[in-house]
Every structure is written in C-alpha cells, then in structure tokens.
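Both of the next two complexes hold chain A, though its partner changes from chain B to chain C.
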Partner chain A sequence: MTLLSFDWAFIIEKLIMIAIIVFASLGIALYTTFGERKVAAILQDRPGPSRAGPFGLLQPLADGLKLISKEEIIPTHANKWLFILGPGLAMTASLMTCAVIPWSTAVDVFGRHVALQVADVNIGLLYVFAVVSMGVYGIMIGGWASNNKFSLMSALRAASQAISYELAMGLALIALLMTTGSLSLKTIVEQQVAGNWWNIVYQPLGFLLFFIAALAECNRTPFDLPEAENELNFGYHQEYSSMKLGFYLFAEYINMIMSSAIMASMYFGGYDLPFFNEASVAPNIAALIGVGTLLIKIVLFIFLFMWIRWTIPRFRYDQLMNLGWKTMIPLALFNLLLTGAVILAKL
Partner chain B sequence: MNTLEILFYALSAFAIVSAVMVLISKNPIHSVLWLILVFFAISGHYILLNAQFLAIVNIIVYAGAIMVLFLFVIMLMNVKKDKEPQKQNLIKFIGVIAGGSFLTLLIALVKQTSQLQGKTVLLKEGTIGLIHPLGKALFSDYVVPFEISSVLFLSAMVGAVIIGKK
Partner chain C sequence: MQALTNKAQAVNRAPMSFWERLYLINIIKGMFITFSHMFKKQPTIRYPEQKREFSPVFRGLHVLNRDEAGRERCTACGLCAVACPAEAITMEAAERQDGEEHLYREEKYAAKYEINMLRCIFCGLCEEACPKDAIYLSETFAPANYTRKGFIYGKDDLLIPNPTTEAAAFAAAKGVEA
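Presenting the complex of A and B:
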C-alpha cells in the first residue's frame, strides 16, 4: 500500500498542534471578551462584571451558556444555507491565520524534534494576506443572506473598508519584506532573535500603517463602521441570534488575537525575550519562555486595541475612506520609497 | 495510487463539480461562491506543482479581490432568479456562436494533449514556482515584458479612476 507511505507520526504531530492552537485561541478569545469588559469598566471608572465567580472570572462561561441556550431564529425570507454559512466562514477565516505563526523555538518530545509552528511555508506573509482577504466573505454573505437592508448596507461597508485598508496593509508588508528578504514568518522572527534590533526599529512607519490597517480589518473602533449601532441598528449580524451571533462576535476577538500575534512576530521579535540568551537554558525551557513572551506581547497588543476602542469615537464614513486612500496609501508608498533608498544606500 | 495522485484526482473532481455548479446555480450569488471554490481547487493544483507563489496570488487576487467585487455588484443589483428577463433571439444566437467557437478551441487543445500520453506530470518538483527563483526570473530574464505589463496595469488603473469620476 503506497497510500500509507507518508509519515504518520508527522501527521499526528501536526493534528495535535492544530488542536492545541485552535482550542487555546478559542480559550484566549473567551477571556478576551472578559478582558474587554473589564478594560472598558476601568476606563469608564466602574467595577465591570464582578458577580460570577471570584472577580467575575466565570463571566465568559455564563455569557457563552447564555448565547448557546437562546433560541435560534432564521428569518423567513433569509437564504437559509448562506445564513448558516456566514458565521462559519467568519470563524474559519479568522482561525486560519494561526497556521503560519511561529509560537516558539522547537521542543524535544520523546526524542522527536517538534517545531512549534503548524506550517513553515516560504510564502507565510502572503498566506496571512490571503486569509485576511478571505475574512470579508463571512460578513458579506451573512449580511446579504439576512435579507435586511441594514445588514446589506453594513456588509457592503465592511467589504469596501476591508478592500481599502488591505492595500495599505499590503504596501506596509512589502516594505517589511524588502528589509527582511524573506516571506517566511519563522525566518523573520529568527532574524530578529539573531540581530540586534527588532524590525520596529527599521520599519516604524510601516508598523504604524500596519497597525491602523489591522484595526480596520478587525472592524475595531474607530473603524467599526460595519456595526455602527446608531446608523445601522446592529450591522451585519442584526438578524442573527444564539450561537451564530456568538460566532460573529467571537471571530472578531480571534481576529484581534491573530493580528496581535502577527504584529508581534513581524515587528516585535515574536518569541524573542530581550536581554536573554536562549542558549543558556535547556531547549524545552527556552521554548516555554518563548511561548510566554509571545503571549505577553499578544496580551499587550490586545490591551492596546481595547484602550483605543474605549477612548476614540468612531469615524464618519467619508473620513474613513479619506484616511484609507488619501493618507495611508501615500504614506505607505513613501515608506516603500524610503526603505528602497536606504537599502540602495547601504549596498 | 500514491498520495499525490489521490490529491490530484480529488482536487480535479472538486474543481469540475464546482465549475458545473457555477453554471447550473439559479441564484447568481451561489454561482459566485461556487466560482470561489473553483479558484481554491485550482490553487490546490498549483501547490501540487510546487508553484506556491502562484497558488497564493491566485487566492489573493481572484478569490480575495475580484470575486468580492463580483459579489458587490450582484448584491447591489439584487438579481433575483424569477425576475430575470428573457433574452432576445439575436442575443441567444450570438451566444451560441461565441460559445461554439470557444468549444472548438477547447477541443483543439484537448486533441493536442494526445502527445502527452504516457508521460507523468512533474508533481512537487522544480523550484521555479517558489518565490526566490520566480522573482529572479521576472527581474532578469523577463524584465522588459514585466515592466511593460506593469505600465499596462497602471494605465488601466488611471483609466478606471477617470471613468469612475465621470
């Protein structure tokens, strides 16, 4: 049987890794919702959720239970299949990014050398970009299938916003690619571990642009136009209820985690702990420290996302488009030129 | 059959079924979604041929950007299957001629493949599809066509902006 000729241990290793990463992401996302409510509460000078469990720590479980136990309603004139497909697509697209994120250095498990990354493809950055461009389908399909004018308007807004900010994001990525010379996220992180500085030093403007574009791609305030309550009632998930609504809300938090992980890996050294020599401890411990470092960086980015959400009001739609096309893209092109000039001068 | 062959046949079946569904779906939105699946299947074929760059660019450009615009237009036009107007005979006639000539072209192409019989496809071999060799080839051997096509793209972009402003 040549069918079974591939390395089964390899497949099992990858499946276990995918399961761990997906469930860990879901778990972190669960507690990110809690974090969001607590951060909002602190910024607004109120206690926030504090009843369920110690410090309100069981609140996300209660929220999840509430969402699951609510009645599922599919509107009569909705397109049933696409109505169900929408939240699923949103969730899939946001979870797919985690395939190329290098979580840490390799570990040794029972004599096996296990890289803590699902797939080290040599087109990692482009893969991220492709998944980001897939993310808009969940919103568009859900919004259209609801057969509601508000939902459709919101879906169209989401799509045009995503397309506009993808351009600036892509241009910022190209500048980073020019300095690193590699599209593989693992190589990019290893360069930063080995080199003196993180990429943020070489690409400050690029990072700023990427961060703003990431805010827009995650539909976070000040770019949460697709769910502007005062204009569109509730946005693209207006007709959704129960766990399908939960999937949409959850996908947003997973998007936040993934974009934080990507930004940490690309600009802030990934799993690199500064002023610490990884070779001085056992490889498994070094890998553990690496995972912890990356998680701390992710949490800091998520806090930044929340801080911005609860501080800055929402843009108007024309302001959003002006910022995207007339400020971000020219700045990204300028960044590209500057990077090219510096590389040429260094040759 | 080895793993690659199984993947090849599965992807081909996936692509063909999706392509047929594009044609027979009554709802234009469903057609667009099936078409996106066709692009994914084709990207899978590219990966089998070790052309990772082409695979991912196919997804970014076609599945990610162009199909979003298709969806946009169809959603805004709100095309419904029961409201679709009956086409005039002349348009049907033109359609038959255009489709027929394309079919002839396809049959000619399929006939040419007879010389490929008994040869194996180079699956997962060669490095030209990887990003480094591809970039080197584009910017050294094919730099003039590459630059000319980028100028063409730029002029198309300017044209689109001008038409959009009217």
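Presenting the complex of A and C:
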C-alpha cells in the first residue's frame, strides 16, 4: 500500500498553486496587452485606449471578446492537425516556464509549510532552457502548417533566430552558474537574499547578454523578425484567426512575463526586497511582501521590454545574425573566461 | 555645383567608431528620448467631448440668409453659380406672386437652389459674389452620408431658420455661424 500512501494534501496544495499561477499569469498577460497599448500611446504622446470602462481598463476584455467572436478559419491547404497544434504548443511552452519560478518565501497555511513554487527542481535553469527552446516549435509548426510562403519564411527565421540566441543565452547562464554553483532557481534567489549583493553586480555583462537574448527569444522588437509586418505580413500567424491567433499573441505576452520573472530571480534577487529584513515580520507577511516585490520587478521588466519595443526599429536579418554570432557569442565566451578567472583568483 | 540653398549637408561616410559600433549607447540615448515623451503634453482632442475650435476664417457649409423680417434674401441672380469654380451651384428662378411679399424680399426668388457638396471646394467665392448678402459659409462641415445624392443640399437644407417664427433655431444657427 505504499503507492497509495502519498501525501494527498501535497498534491492538492500543488494543484491549487498551479491553478493560481496559471490564471494569474493569464490575467497579467491580459492586462499586459493593455499596458503595451498604453505605454506605446504615452511614449508617442497619445492617450491610448480610454473608452472601454474607466481609463479604458475594460479594453483587454473587449479585445478578448472580439477575438473569441471572430470566425475560426482553417485554410484549405493547411495541415489541420498541425495548424491547431501550433498555437496550443506556443501557449503550453510559455506557461510551462512558470513551474520553477520561486514566487516568494514559504507560507504557513493550516499548519502546513507551503513553498510558493510549483516545483523546486534542482535543474531549474536547465528546465527553463528546455521549455524556452520548445517555444519555437509553436511558431515553426504554425508557420509550416499554414502552407503560406510568408508564414514559412517567418518560421524559418524564428527557428534560426532562436537557435542563434539560445547559444548566447546559455553561455551567459553558464557564467551565472559558475558564480552561484546551483541550477535551482530557489537556491539562486536564496543566495541573493542571504548575500549582500544581487547577481547583477557579479554578472553585469552576463545579464546584458541574457536580456538581449531574452528579447530575441520572446520575439520582441528589435528582434521581432518572425512577425515583420512590413515584409512578411505578420509572418507565422498570418493565416490564423480568432482565438488561435489570440493564443499566439497571448503566448508572446506570457513569454515576456516569464522571462521577466526569470531575469528578476536570477539577476535581481527575485522576491528579495532590498534593505528589508524578512525575519523581522511574520513569515506569511514576509511571503506576501516577497510576492509583491517580485511582481513589481516583473512589471518593471515588462515596461523595459515595451519601452525598447517603442524605441528601437527592427533589425535586418543579416544584422540579427551578425549580432548573434559575431558579437553576442564571443562576448558571452569572454564573460565566461572572465568569471572563471575571477573565481580562480579568489580560490 | 552651386548649392541652391545652404541647407545641404555632406553625408558623413567616416567608419563608425567602436562606441558607435557598440550600438548600445545610441540605443540608450534613443530610449531616453522616448522616455522624455512620457511627460509631454498630449495634443489629443478627445473628439465627441472636446471639439477643436475652428479658425475665424473657416469656410464650411453654406447658409442661405434671411433678412430681419424673415424673408429670403436670394433673388436668384445666378452670380454665385457663375462665380463658382467647381460648378456646384444650380438654381431655378421664379417670380414672386402677390401675397408672397412676406416670404421673399425681392420680386424674383430661387424656387430651387442646390449645392452639390461633393463638388464644392468651399472657396467662398459665392459669398463674395452675392450682391444681396444671401449666401454665407458657416462653421460647420458636411456630415457623412451613404449616397452621393445625399450630398446635394437643397433649399430646405441650406435656408437659415426664420428669425420671426423660429427665433430659437435661428439664434442657434447664427451662433454656429458667428
């Protein structure tokens, strides 16, 4: 009977956690679309959406309703199965990342010690990496299944872009790994909470490289070549309509949130509020403050993403590849060497 | 070659320096430019609630005027139609009968007076040509319409309300016009 005697409360706890995190990320993603439009407007001296509800706050709901009520079109020559799989995969891959993000310190609920993290796997970073590289399959399959030359071009671009920038991203991560000595995101955050400095101080170049690669992985401007409105007609989601298109657009925003959360956790102390001693308040309140801090960091990162999007024009394809292979990877290797040298010198 | 203006600038073809090639510094400069725009005044006019003031010389839809007694001023002389460079105005004249003196000021009046607002270029030459002060350009513009026919404005669209019988409507029309 040992098989049946596992901790049911543990499973319920994790299920609730998953539900909360998934729905929270969906909700935040919904309002990130609103934020994007508002930020774009304000940076361009416009008021932005302001009609639906107070300050236009109901705009994302109206957008969602509109997307759902649109006709669902599957092109005649499209591969139906793959055509449906594409957006689903994009969405799944972007949502899966949130499993390893430590949202805060543990809370005590009904005498139970509940860690605010879905899974504290000891290979958290590798997991993130694996899932992020899955994300490109959604785009690739969608682009391929559409049976449209623009979509196919865009899928090719997305795939090569993802591969090129994953290398630099991985190398930047390895340097971080060398300083922290752990692949678990929770351990990395706890080290930053306990230590004096956040990892950004030890790895500024690594962060810069990771950030640029994250922009490319999220297909955000200036690396939004797979979408490239003016040359590829929206690229991989050109043939998509209704909620399938919505899934693609949503996946992009969830990717943004997740990469912001990961960057905040790895380089900016995660749920660590600076100049604040967590032990001085009750653990539950400390956890709440931690969640708030992480959310603020995520929002700031998302703003940075948007700010960049509405400032910088898109790269040309050869510039993208040059930057990826000739600049980012050598810099990442240099960063790796530098980190190694410093660690050796300290020994 | 002699330059026509002193605005010409030679293209700088010097190779980019290391910092320029790094690109990041210029990106950050650009980002601060966009950031500064967050605090700029928005020129937006939220249309249905706020309206942009027309300039005092704005020339909009035509109005056929009446005199103080509420009689139509137009005598159908056709000078406006002749002056019109877009040939937007057509009219048919009719003679004033006995007992119609309270309707028309002159002995001849326009039985039909049409302006095609799609042809009209709102130049105001009709207003200048009119010897009887009968036609004016107001400060409203032609609203959208579903058909081309809808843009041909007849007398009932153009005539200003009668100041003696519909004083309030006349005042409103005058107010827009002023």
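Some observations on this one:
What we mean here is this: the second predicted complex is superposed on the first by the 344 of 347 C-alpha atoms of A that agree within 3 Å, B and C clash if a C-alpha of one lies under 4 Å from a C-alpha of the other, contacts with A are read in each partner's own complex, and residues count from 1 in each chain.
Quick note on the criterion: a residue touches a chain if its C-beta (ideal position, glycine included) is under 8 Å from a C-beta of that chain, and two chains touch if they have at least 3 such contacts.
Fair warning: this is a prediction, and the values are worked out from it, not measured in the lab.
Once chain A of one complex is fitted onto chain A of the other, the partner contacts of A:30 are absent, as it touches neither chain B nor chain C.
One of chain B and chain C touches more residues of chain A, and that partner is B. Within the superposed three-chain model, A:155 lies in touch with chain B and out of touch with chain C [touch as defined at top].
Legend: residue contacts after superposition of the two complexes on their common chain; A:52 is shown touching neither chain B nor chain C. Of the two partner chains placed by the overlay, neither chain B nor chain C lies in contact with A:84.
Residue contacts after overlaying the shared chain place A:163 against chain B, while chain C stays out of touching range.
Once the two complexes are overlaid on chain A, none of the chain A residues touched by chain B in the first is touched by chain C in the second.
Only residues 2-3, 5-6, 79, 82, 121-123, 126-127, 129-130, 133-134, 136-137, 140-141, 144, 152, 155-156, 159-160, 162-163, 166, 183 of chain A touch chain B when the two sit together in their complex. By the touch criterion given at the top, residues 1-3, 6, 27, 29-30, 33, 36, 52-53, 56-57, 59-60, 63-65, 68, 71-72, 75-76, 130-132 of chain B touch chain A in their complex. Of all residues in chain A, those touching chain C in their complex are 42-47, 50, 208, 307-308, 310-312. Residue ranges on chain C touching chain A, taken from their complex, read 24, 27, 30-31, 33-35, 37-38, 40-44, 46.
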